[in-house]
Amino acid sequence: QDLKFAPGEDARFNWASFDSFKANHDLKGQTLKIDGPWGGVDKALFETVIAYFEAATGADVDYSGGDGFEQRVMIDVEAGSPPGIAVIPQPGLAADLAKRGKLTPLKPEIGTFLQENYAAGQSWVDLSTYPGADGTKALYGLFYKVDVKSLVWYSPENFEDAGYEVPQTMEDLKALSEQIVADGGTPWCIGLGSGGATGWPATDWVEDMMLRVNTPQDYDAWVSNDLKFDDPKVVAAIEEFGAFARNDAWVAGGAGGVASTDFRDAPKGLFASPPTCYMHRQASFIPSFFPEGTVVGEDADFFYFPAYAGKELGQPVLGAGTVFVVTQDSPAAQAFIDFLTTPIAHEIWMAQSGFLTPNKAVNTEVYGDPTLKKMGDILLNATTFRFDGSDLMPGAIGAGAFWTGMVDYSGGKDAAAVASDIQKTWDTLK
Amino acid sequence: MEQLFMASATIVIGVFGCVAYFFLSNLALDSIYPPRGPDAGRNITRAGAIRPWLFLLPALILLCAYLVYPLFVSIWLSFHDATGDSFVGTDNYTWLLNDLKFRESMKNNLLWLLVVPAASTFFGLIAAALTDRIGWGNFAKAMIFMPMAISFVGAAVIWKFIYDYRGDGQTEVGVLNAIWVALGGTPQTWLTIEPSNSFLLMVVLVWIQTGFAMVILSAALRGIPEETIEAAVLDGASPLQIFTKIKVPQIWGTIAVVWTTITITVLKVFDIVLAMTNGQWGTQVLANLMFDWMFRGNDTGRASAVALIIMLMVTPIMVWNIRNARKEMR
Amino acid sequence: MADLKLSNVEKAYGEVKVLKDINLDIKKGELIVFVGPSGCGKSTLLRMIAGLERITGGDFTIDAARMNDVPPAQRGIAMVFQSYALYPHMTVRDNMSFALKIAKKTTAEINAAVEKAARILQLTPYLDRLPKALSGGQRQRVAIGRAIVRDPKVYLFDEPLSNLDAALRVATRLEIAQLKEAMPDSTMIYVTHDQVEAMTLATRIVVLAGGGISQVGTPLELYERPENEFVAQFIGSPAMNLMPGEIVETGARTRIRLANGGEAVASIPTQAVDKGLKVNLGVRPEDLVATDGIPLFTGDVEITEALGEVTLLYFKRQGDSAQVVAKLPGIHGNLRHQTVRLGADPAKIHLFHNRRSLLYR
Amino acid sequence: MDNIAGTKSSLVWAVHLATAALVLLWVLPTIGLLVSSFRDRDQITTSGWWKSLFPSEQNIVYRAGAADSQTQEGTTWVIVGNVFEAGNGQVKAFGITSKAPTEFAPGAVADMGEGVSATVAENGDYRLTSTAQFEGRSPRLFVTSITPPRFTLDNYDRVLFAEGIGRAFINTMTVTIPATIIPILIAAFAAFALAWMEFPGRALLIATIVGLLVVPLQLSLIPLLKLHNSLGIGKEYVGIWLAHSGFGLPLAIYLLRNYMVGLPREIIESARVDGATDFQIFLKIILPLSFPALASFAIFQFLWTWNDLLVATVFLGNSADQLVMTGLLRELMGSKGGEWEILAASAFVSIAVPLLVFFAMQKYLVRGLLAGSVK
Amino acid sequence: MADLKLSNVEKAYGEVKVLKDINLDIKKGELIVFVGPSGCGKSTLLRMIAGLERITGGDFTIDAARMNDVPPAQRGIAMVFQSYALYPHMTVRDNMSFALKIAKKTTAEINAAVEKAARILQLTPYLDRLPKALSGGQRQRVAIGRAIVRDPKVYLFDEPLSNLDAALRVATRLEIAQLKEAMPDSTMIYVTHDQVEAMTLATRIVVLAGGGISQVGTPLELYERPENEFVAQFIGSPAMNLMPGEIVETGARTRIRLANGGEAVASIPTQAVDKGLKVNLGVRPEDLVATDGIPLFTGDVEITEALGEVTLLYFKRQGDSAQVVAKLPGIHGNLRHQTVRLGADPAKIHLFHNRRSLLYR
């Protein structure tokens, strides 16, 4: 089918990588099924990438995806009819599949590639290295398309109208919040509602806070439960979140509304007249839920969710991403993983929208819009990059007890009690 | 056009395959034991012993494959760990008994079982009684039946919209809050207020199931002999007394069937809770707990244990139905 | 205990008038029986009296009070339905006390009334049973009991016995008769299409036909002096034989020559002008007797039905005339296929012209 | 009942009113959804649907026309336009900063500094003037206005003309029709056997079926898909028909058997004496007489399969030739979940067919087919 | 067209034997009527013959072929149910042709058979109607038609007329009689609890009671010489009066002194040993006649029922003895509350000891 960008035409693209991949792979007549969480726009975008793979190899790739992916892939894999490649948003789920022996390890070259080309390469390797069914660790996945979560969205003009500056440190951020309250405004919009997944936005807050009050090592220990959930360090992070979310003066609608406000509706306060809030901490995907016609970079913009200047923990960045794993080994599946190591596979999507990559080998000039590039820069400038903790924890915690706990916490329950409940659930999982 | 043709072809093949089975198997039975000729009597008796099973066979196969087999798998899984690999004895059940969420779910489920079948049947009965008496009854019926045509998830969305909360200072877009404010209250985050939030969720299921109850009960009401009602009129009973003392007692049997069916729906329903609160704020129910452990916890062992508890809760209904079936057969 | 009066009452379902010009006075203490062919409007009339059907024209009064728009419960009536209409979910006791409970009587009053009624109807042992555990006759008695306890001014019965078997029907009929005896002041209206019931129970019978009243009178009046062919054939079983003929001699007694060749004398006076009048001669099967004189009728016996005490003779039809039936006392199995000559007492002969009896001109 | 003398008309009115109240209560949520389905997303979340039916006060943030639309009038540069791009409205007040959005009355001239001033007329016409040429981002105007009801068909446009909706409709039909007919057929035979045929173990079987009513189907998904895979019908229509049939069977058998035992015994015996075999009795006597029950169950089973997503997700692929309506709608709603307006519109699109089915079958729900056969 | 033989047939539902020791020979061309009180097992016996109930003991043969295990359709029988049991969704024509279609007859054959039956039963105009559009009598005729078209060896009727009203019942009864006439070779078994039907239709009546056969005989045998008190009271309406007494004189004629003081002579021979034997004297109401001699019975008339041709006299009960009824021809309204002396022809008097007739010792 049509290729979005004609090979060889736009010099910003690394066409050489495409040509060499094409030269080395011929998979005519083979088919590959890919299942993933992307539907709608993302699906269409990913399909433009797939088109290049198909053009290069002659293979036929069938991507089917969308909501309910986690359930679907689990059922399909368990029932013995897995897709060739699964695109998994939660490394925790990938680890679980690996442990059940449902994944095929990737070639060791991929590990080398990651270490050499990805920013903070080792951490990406670690994120996709899991023990298999027999307990031996191996690299099972390749991260492709990541999101940055440590972002605060705001309306530059509202800031201008009120004379506020973008804060550079957590201390500044808190001072700004006080200032806004003093001026009669409300600094934050926070919404945790998400239907069946209500609570997840709070986990992002807490993770961001973990990275801002504790060391990255503590963070890693926490994710693996070596640092217990009810450890004072964790409780402190939760209370950091509480300092924002449980402060009636700081959140639009008051603390009581936090848990029930839908996360998709929360940012709308930024654009109301008069604005109901000035800032909104949320990941890079949130502009899709801004009011229609909102132009990012003009009507809305973001800044890095800053770290405490006083704590010397650097500029930690919380992120998320999708990991490609081979659920049904075949030459085509292996070739597709290979394809994802080429710069061109990243650049095609970069040049459009909604795509960030930690791959340093790509030409960042290709980014489709300046905002993306700015986010990419946050990613590349990170002194610490950590993956979304709840996605790494076991599903029962990361997509269960943690969510529920955060909802309870924002409803007024004591942080220590919430943490200990979560830890209790975790204990039963062993 | 081609797709349309293919679709109709698949439909025709599917349905006719089914018809063909019954037809051909009966034909086969009749040719093995022909109901004619010298041995006709014996043949017919023999065929008569086989034929019920011929009729039941597809149903039994489907039931075994789709319900009994998974049931046994579940029992087996409930004694195994998350991946179903190693035997863990009754661990899953002991975990269950100590789990706070499980206790909460049990408590809520009992509430649901008390409220939803009763309320749905009650409203269904009222709706049936009222709509049978007026000219535009069929239209009214269709309107009350309409929620049945909406998926559970769709219904959950509709109601979430009604319970919506925006916080003070903003205009409320949820009807409940709008009414509440009009009555002088301050907006509430309805879905987070325990324990009334559970009831707000039940309202959704009642809203849906009333149509079902109404359709079935209205047929039953029409079957009541007119004379008993006229006798009551002559006896001086008011319309309300006629309804409660004469009509309702006479359709008790149908009410019981409706009640049973809704009870079972209640035990199985998870979509509504999942979509509206996901069991948070103390609204967890068993079916959603199971769904949680199945697809979030990826723990088939625990999910199965919860499922078996759900099945256990239906035992009283089963016993009652067995008794009824026995009674019918004299 | 009430007088009922129907004046020009009519009933229309939409365009269709099923009853019209009903005029009837019912005196306190009467037992009126409505009879008539199926679909003639007996039940409808009864239900209008009960208030279960709206009266679409005319007036209906009880004790001079207009009742047209009074709801059923206020009319002081009680009704016994053909299908019993017992409340299936209530015990006999509850069935009988329902109306009293509705009327907020005290428990003592209720119990007294129910037990009295149960004693009258011999239902005492069954008071705590459900209707389904009763036999048909007992159910019917419960239905009557339900009426009695209310001590109504007017009792209405709509074919109360038609679902009972023959033996029970006789027994229950007697019970109703005795009930009436016991309550001489109560007014009763009774619908049936069983003549024996009508004949035995009624103080007066109302014959309905074709949407109106055909004749009103005591049972014997109707039997002995039917006003028209319809009543003549409707009352008595088997039905009265009708044979076409012509008046050949008039006077205090009338001589008729029949189309089938027979001849008869009736003790009905006629005038000279009537000579040659085409009439239908009616004679009841039980009034036909074997004769050696000039026969009224001569025919071949086609079927005999021996009922023990009497024998019915069915004669071969001639052409398309109606079948003639005779009823002879005793057993006559040997008459089959024989030719029989029958005559009748002049006093037992009826003459009809234009379907109306000459007696009533 | 209507024929009874002396019935008060107040009672009749009470019945009408009570019914109306009940109906209103029941349709109110749906009406909200219906109205919402004609609004756009921002409206839905900023004002109650009941307000949308009347003119409402709205606070609009309007970005003035871009710099390249400016014209020069003498020395001043001017941008003109109307804040109500779509339709009309009435301006009550306006402002130039988010801090004071209602600072100026319509027609007043607001000084925005640096030689820029703005005015908004009552009808929404605005005029920006500047001594220097406008550059870059154009300024915002904050307008408080009375806006008449505004509706849009966009949501339906998106749902009805979404890519693949036609195909999805056909797919859904391909799923639902056999998945409705097959279980009814199979259940009817089974119900007949359980109601009218003598064989050992009948009562036990009936009880088991009642018990099976509650097996939660979520639990069965993995073992069953495994089974399907091993049978080689992994993700094909046959599989989902069987699955829906299996899950619907217990209730179908339960309801149909309950109905069939109520049929008059004599009719069946009469057919037996007439020489009909059980198969013929079933086909020629039971099936036609059970039509009301079959129709009721057909409605319910149709609704369930029509609205099902879970079973379809598991037993059917989600490629274009297998994607069902519910699946497609879910995709339309965006990868992050529900969007009110699409959900609202799609709910009405997907209600249409089940309601048609209900109206078509409703008359069969009435009893009375047996009239005249037995006294 | 078949001989039926029941030998020691019995029926048990679980532990309960509802029928036992049934021995009966039915010859080709007979019309046998089963009568008996409700619940005595008439329907059950009929259904066993039809094959709708399993025979739990004994043998049943048709034309010497054992039928116990032959399914209904193969027995060559047709059955007409009390409740009609028409197929409600089929037209009259389809109802009647159903069995023939099942038997794979050609369309021509089917049409011929259906039309012939319709003509016999006067159903031709209704062939394309559904059962619900027919009156009760027409429905019953369709049910009979459905039997006729199959041309069975044996017809079974289970109370076919009990749901019809009186007039229709008489008419349909005659139709069945004529049908039997028309098919002299067919064997028919007919269940009823209407005596008139039994008396008029039967070639032989089988009286069932208490799970066994009480008496078998022609209608007149049963009427004139009942074997036991049960049959005596069951046949005839009103039932035979029974009065306790004692034999005081034996010989070719027997003299009885009654407990109520009356006296009677019966033309039943007795031996000397019988003197002093306590017997019940039975006399039918229609056999009681006013007498001036020594009365059999003297009593006060409590109720009279005038049926037109006859009058029933109900006498006051004395103590707890049964009520005595007399039937006098003609109209006697004036006898009410009078004392009447009644006697009877010695030939019409029955004597029972231990409930069995002395005639049959």
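Before moving on, here are some points about what is shown:
A, B, C, D and E label the chains in the order they appear, each numbered from 1.
As a working rule, contacts are C-beta pairs under 8 Å (C-beta built on N, C-alpha and C of every residue); 3 or more make two chains touch, one makes a residue touch a chain.
All of these numbers come straight from a predicted model, not from anything done at the bench.
Any chain touching subunit A that also touches subunit D appears here: B.
The greatest centre-to-centre gap from subunit C, using C-alpha centroids, is found for A.
Relative to the centroid of all protein Cα atoms, the closest per-chain Cα centroid is that of B. Ranked by C-beta contact pairs, the top interface belongs to chains B-D.
Of all chains, the one whose CA centroid is most distant from that of subunit D is E. For this pair, subunit A with subunit C, the centres built from the Cα atoms lie 93 Å apart.
Rounded to whole angstrom units, the spacing between the C-alpha centres of subunit C and subunit D is 63.
Work out the mean CA point of subunit B and of subunit E, and you get 54 Å between them. Distance between subunit C and subunit E, defined via averaged C-alpha coordinates, is recorded as 26 Å.
Listed for subunit E are residues 71, 73-74, each touching two or more other chains.
Each of the following residues of subunit B touches two or more other chains: 35, 48, 233.
Taken residue by residue, subunit A touches two or more other chains at 71, 195, 197, whereas all remaining positions touch fewer.
Chain pairs recorded as touching, per the definition above, are A-B, A-D, B-C, B-D, B-E, C-D, C-E, D-E.
Interface residues of subunit E, counted against subunit D in their complex, comprise 50-52, 71-74, 77-79, 81-89, 98-99, 102-103, 130-134, 136, 139, 146, 150, 163. Interface residues of subunit D, counted against subunit B in their complex, comprise 1, 4, 11, 15-16, 18-19, 22-23, 26-30, 32-33, 36, 44-51, 167, 170-171, 173-174, 177-178, 181-183, 185-187, 189-190, 192-194, 197-199, 202-203, 205-207, 209-220, 222-224, 227, 237-238, 241-243, 245-247, 249-251, 253-255, 258, 261, 277-279, 282, 292, 296, 299-300, 303, 306-309, 321, 326, 338, 340, 343, 347, 350-351, 354-355, 358-359, 362, 365-367. Subunit D makes touch with subunit A in their complex at residues 40-42, 45-46, 59-61, 63, 97-99, 101, 137, 140, 142-144, 221-222, 224-226, 228-230, 234-235, 309, 313-314, 317-319, 327, 330-339.
Considering their complex, residues 51-55, 67-72, 74 of subunit C touch subunit D.
Considering their complex, residues 37-38, 135, 162, 165-167, 170, 174, 177-178, 181, 193-196, 199-200, 219-220, 223-224, 235-238, 284, 286, 303, 305-309, 312, 314, 327, 329, 331, 333 of subunit C touch subunit E.
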